[in-house]
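You will see chain A twice below: alongside chain B first, and alongside chain C after that.
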Partner chain A sequence: MRSELSPRAKVALYGLLCVLSIPFLFPTWWMVTSSIKPISDIFAFPPQFIPRSADWSTYEKVFTLQPFAQQYWNSCYIAAIVTVGTMIVSSFAGYAFARIRFPGANLIFLVVLTGLLIPSEVTIVPLFQMFLKWGMVNTHWPLILVPIFGAPSVFATFVMRQFFIALPGELEEAARVDGLGRLKIFWTIALPLARPALAAVAIFTFLHSWNLYLEPIVFLTTPSNYTLPQALTQYVDVYQGPMWNIQLAAATLTAIPVLIVFIFAQRQFIEGLAHTGLKG
Partner chain B sequence: MTTVQSRPFWTIERRDAVAGYLFIAPQLIGIVVFVLIPLGLVLYYSLHEWNVLAGTFRFVGDANYQRMLNDPALPEVLGATAIFSAGLVVFNMSLALLLAVLVNQKLRGITVFRTIFFSPVVVSLVAWTIVWSFLLQANGGINGILALIGIEGPNWLRMPTTAMISVIVVQVFKNVGLNMVLFLAALQGVPRELYEAARVDGASRFKQFRRITVPLISPTILLTAIITVVGSLQVFAQIAVLTQGGPGMSTTVLVYYLYQQAFQFHRFGYGATISILLFLIVAVLTVLQWQMRRRLVFYEK
Partner chain C sequence: MASVTLSNVTKSYGTTAVIHGVSIDIADGEFVVLVGPSGCGKSTLLRMIAGLESITGGTISIEERVVTELEPKDRDIAMVFQNYALYPHMSVEKNMGFSLEHRGTNKAEIAERVKWAADILGLTALLQRRPGQLSGGQRQRVAMGRAIVRNPQVFLFDEPLSNLDAKLRVVMRGEIKGLHQRLKTTTVYVTHDQVEAMTMADKIVVMNAGRVEQVGTPIELFDRPANLFVAGFIGSPSMNFLPGGLLGEAATIGVRPEHFDIAEGGLPATVTLVEPMGSDTQITARVVDTEIVAMFHRRVAASPGDVLPLRPMADEVHRFDPTSGVRL
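Moving on, here comes the complex of A and B:
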């Protein structure tokens, strides 16, 4: 950004960066290390930054106390369907709003944008009633249908629209002159160019679905249907006190795979998110 | 009109219009079914007394709204919501800007720090909250570390002020990386010549930051502020896991209160009324911020 820093400034800057890193790194470290501490060491003083001894039985208990493998699968498959579904719905809608001229397009776009104004918490009561009427309470349908078609997908549509607006249109025009239909133009010309925007949509849709908490606790009632965020909080003793080491082991199993994917793909992650329509 | 025979009915424009409607249909139908109809129903429910357990549903006019105006808990809930949102936005935005400026420096290994600051964004929200809840226990990690340097830490989650600080801080560290990345993208868009010119004129770094950087990235600052404020009004999981709204009602924000009334006390009618209030607050804030955009935000063109 500007001229070279003096060596002294560099040292100060590295020092500051290291100190600032602590609250971002330490919780994850503490989660992983505490999950293998024997229960007697979990609140030990002085704090054990490196565990003295490892007790892997907590990981066994994660799976025996609850159908954790099933819950893990629930979260994975719901997030996968929601991600793919949102990519399809939002890229079609985003493309149409950006490129196709049809009567009422602007008005319809405004109607769709209201989804951004209305947080899903506002509509949770009637949504619960609707899904109750359709016999879909305690199924995964609400966690799949609402994100793909409802308010959460509007942001994705907005991002796709911004991307297609900025995309030069000559290729498409040439294809139109050759008499290609819209679907074919969209599918073979426009969509392949939209990979960066689709990647960004995929990332934040996946994270949104993976983190969903209010909806699962409202809609799901049997443990084998639970998703991960909800399942994590269910490792409690008879007095409703958290079984810390087991909760932390389950949390580790939830967090670490995504973190590993992130570390390998961090450039796509960060740049993808930075280049969404958010730049204003 | 006389050329009807020579022109086919399916002109390019008509084909396009049909394609357009088909392309947007899934999204539009979804918005109508899952957003607009529910919003109408919220309004309808809010005019009814609805006790799920007793199975009663009857029209009561504005009784729920009267009740909301006289609800002794509501001022406290709104106060907690305001403190939470304001604290979150101020702390989040200033930390995000600081981190963005830092990781924008030309230093070896700076991307490592960028990755570190961003990493909590991809950690599962409830997992992150559980670890912090564990750290913030009276005999937990934070107080353990404080005790090492001779400070006796409070029981963070059991006292109103520290509980509020805790939920804000936990939320900020979770998501500040997102705002940092948005600011970073904006900072990299500021033309370098401007800084060169300012240096020639002898402007200090702080002055350069205030007079060049901040005005040029102001559209991003505003957009991030909107996203952060609206997002702060939707914070639920963190409160549910960390404090359950307590101690007392000190961290019961509006969304949590809505959840309690509707799904714990089964007062759907009153819950719907609180939803309307939440909707109005979000709508007013968003419109206000878009209005401010005109006055405060600097545009290049």
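Moving on, here comes the complex of A and C:
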């Protein structure tokens, strides 16, 4: 039974929660407000938490100094393809590892899992060599193919496998009696039930792709091909010093899709974590 | 409707044999219950009939068609699972019509069949609900609805009542039996509960350790158990087994608890427990080293420590070979 709090305790609780939320909200607040401040105000002491004036021209400069719209589009479509691709690969692979008995299944899964243990810094040079040979350097292919078939997808496969393992076997047997084959069972029974896990995979994958930094700086050389994390580092003056307000304006714009994804998918995300047993 | 024949069916997992040559004939329209203790192979046998489990040897035929190598969908059977196995993301209506939809039946006919099944099972008001919004009994009904919608040749039930509380189990038992009487579809029903078996079956197959111990009507099994296992398994409380020596015989003597009299010349039994049940009285007593449970359909005034002369009713005594356990 939930006990009702007294009004005074409620006020105290909400007050405490507000205080605790400051460390989480402050960086965002600082980023957004600094993006419309002159650089001198950003470093003023005492700090200016509320801007004295709003200079929105920084947002205009974001787009004039670099092909930011193109870079934004690059990040968007790469993250979308990687997310959809990873969902497809990981749900098929996870289902196969969880549900289909085939010789060496556990050994193969173990080999696949070891992919998680190898840091991307270790594989980046051989990957570069490989994509160079295939003529794919300075294209978006490495940023699409590596996450879909590499370590991020291994993690997603693991999440999906854990979900499918927990799915009652009787459901599939009932579907077999109802006349469904393996692929139909996957498509009409297993996959619709895996929505929470798929949502978690989608969010993880989208964020991973959106924030990918090492691969773009290794594989991409032309500014119009850049993705956002790489583009953010390019707002510098002639002395290579960061143009903070413009950079923070670009960072604010970069954070928008992430915020949207979290706001709309947070429930699914939490459910997904609970379902997959990844909850802390 | 169809007959089902199992001929010398065996099943092994590697070198471990779990079903040892089972042969059963199930007549068209018959309600057959496979009963036995946990791990006796009854569910495995049912799953083998369904095609969910491969068989190592022998053949299974449905209506004289060998189905051993056929997929479940090609056997024209419907199964009700222990945990119902309703698709959680579909409404009751969709769950019930799913197999028909998958088989390409037209929408109007699906709707008609689902309505027919829902009417029989009292599910009409629940058709738009999801399984998660139903009680245990309602889910059980939906699982049955899903099975009958297709009008299969054989119904298979795998311990369908084991997740229900005792009261609901009795209600659902009646409903399943009523459904069978109405549809007359050949039914194979697995349970470990011998009361379920006795009350529902036209024919009971008693299994133990992967073998069939006896096949017969409930009354045959109760009145003439083929061996000590069946005698001990069928009937509640279980049959008492007395060493022949107590009654001056060589065979092991089986006496059901309700087949004792308190009469002169009976075995001197020291009462250890008296359990009054309103109209009945159950008495546990000890004769030398043998514990006896006796049931009287009346009130008996006795207390622990009393010595009662318990006499087996002469016509109700069963004799078994002490070595093989077979009925003599």
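We adopt the following convention: the second predicted complex is superposed on the first by the 241 of 280 C-alpha atoms of A that agree within 3 Å, B and C clash if a C-alpha of one lies under 4 Å from a C-alpha of the other, contacts with A are read in each partner's own complex, and residues count from 1 in each chain.
Keep this in mind: contacts are C-beta pairs under 8 Å (C-beta built on N, C-alpha and C of every residue); 3 or more make two chains touch, one makes a residue touch a chain.
This structure is a prediction, so every number in the text was calculated from the model and none was measured.
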Side-by-side fit of chain B and chain C on chain A, or clash: fit
Superposed model, chain A: greater residue contact from chain B or chain C: B
First (chain B), second (chain C), both or neither touched by A:P192: second
Vertex chain A; arms to chain B and chain C (CA centroids, nearest 10 degrees): 90
Touching partner for A:L220 - first (chain B), second (chain C), both, neither: neither
Touched partner set for A:E170, first chain B, second chain C, both or neither: second
Partner chain(s) touched by A:M87 [first = chain B, second = chain C, both, neither]: neither
Chain B versus chain C as contact partner of A:A79, first or second or both or neither: neither
Which of chain B and chain C A:M243 touches, first, second, both or neither: neither
Chain B versus chain C as contact partner of A:M160, first or second or both or neither: neither
Nearest Cα pair across chain B and chain C, whole Å: 7
Set of chain A residues, in rising order, touched by both chain B and chain C: 176
Chain B - residues contacting chain A, complex: 12-13, 15-17, 19-21, 23-24, 26-31, 33-39, 41-42, 45, 99, 102, 104-107, 113-128, 130-135, 137, 139-141, 144-145, 147-148, 173, 177-178, 181-182, 184-187, 189, 192, 195, 199, 219-220, 222-223, 227, 230, 233-234, 236-237, 240-241, 255, 258-259, 262-263, 268, 271-272, 275-276, 278-279, 282-283, 286
Interface residues, chain A side, partner chain B - complex: 1-5, 10, 13-14, 16-17, 20-21, 23-25, 27-28, 30-31, 34, 43, 45-47, 89-90, 92-93, 95-97, 100-103, 105, 108, 111-112, 114-115, 117-130, 145-146, 148-151, 153-154, 157, 176, 181-183, 186, 207, 210-211, 213-214, 217-218, 228-230, 232-233, 242, 244, 247-248, 251-252, 254-255, 258-259, 261-263, 266, 269-270, 273-275, 278-280
Chain C to chain A touching residues, read off their complex: 50-52, 71-73, 77-79, 81-83, 85-89, 98-99, 102-103, 146
Chain C contact footprint on chain A (complex, rising order): 168, 170-171, 173-180, 184, 189, 192-193
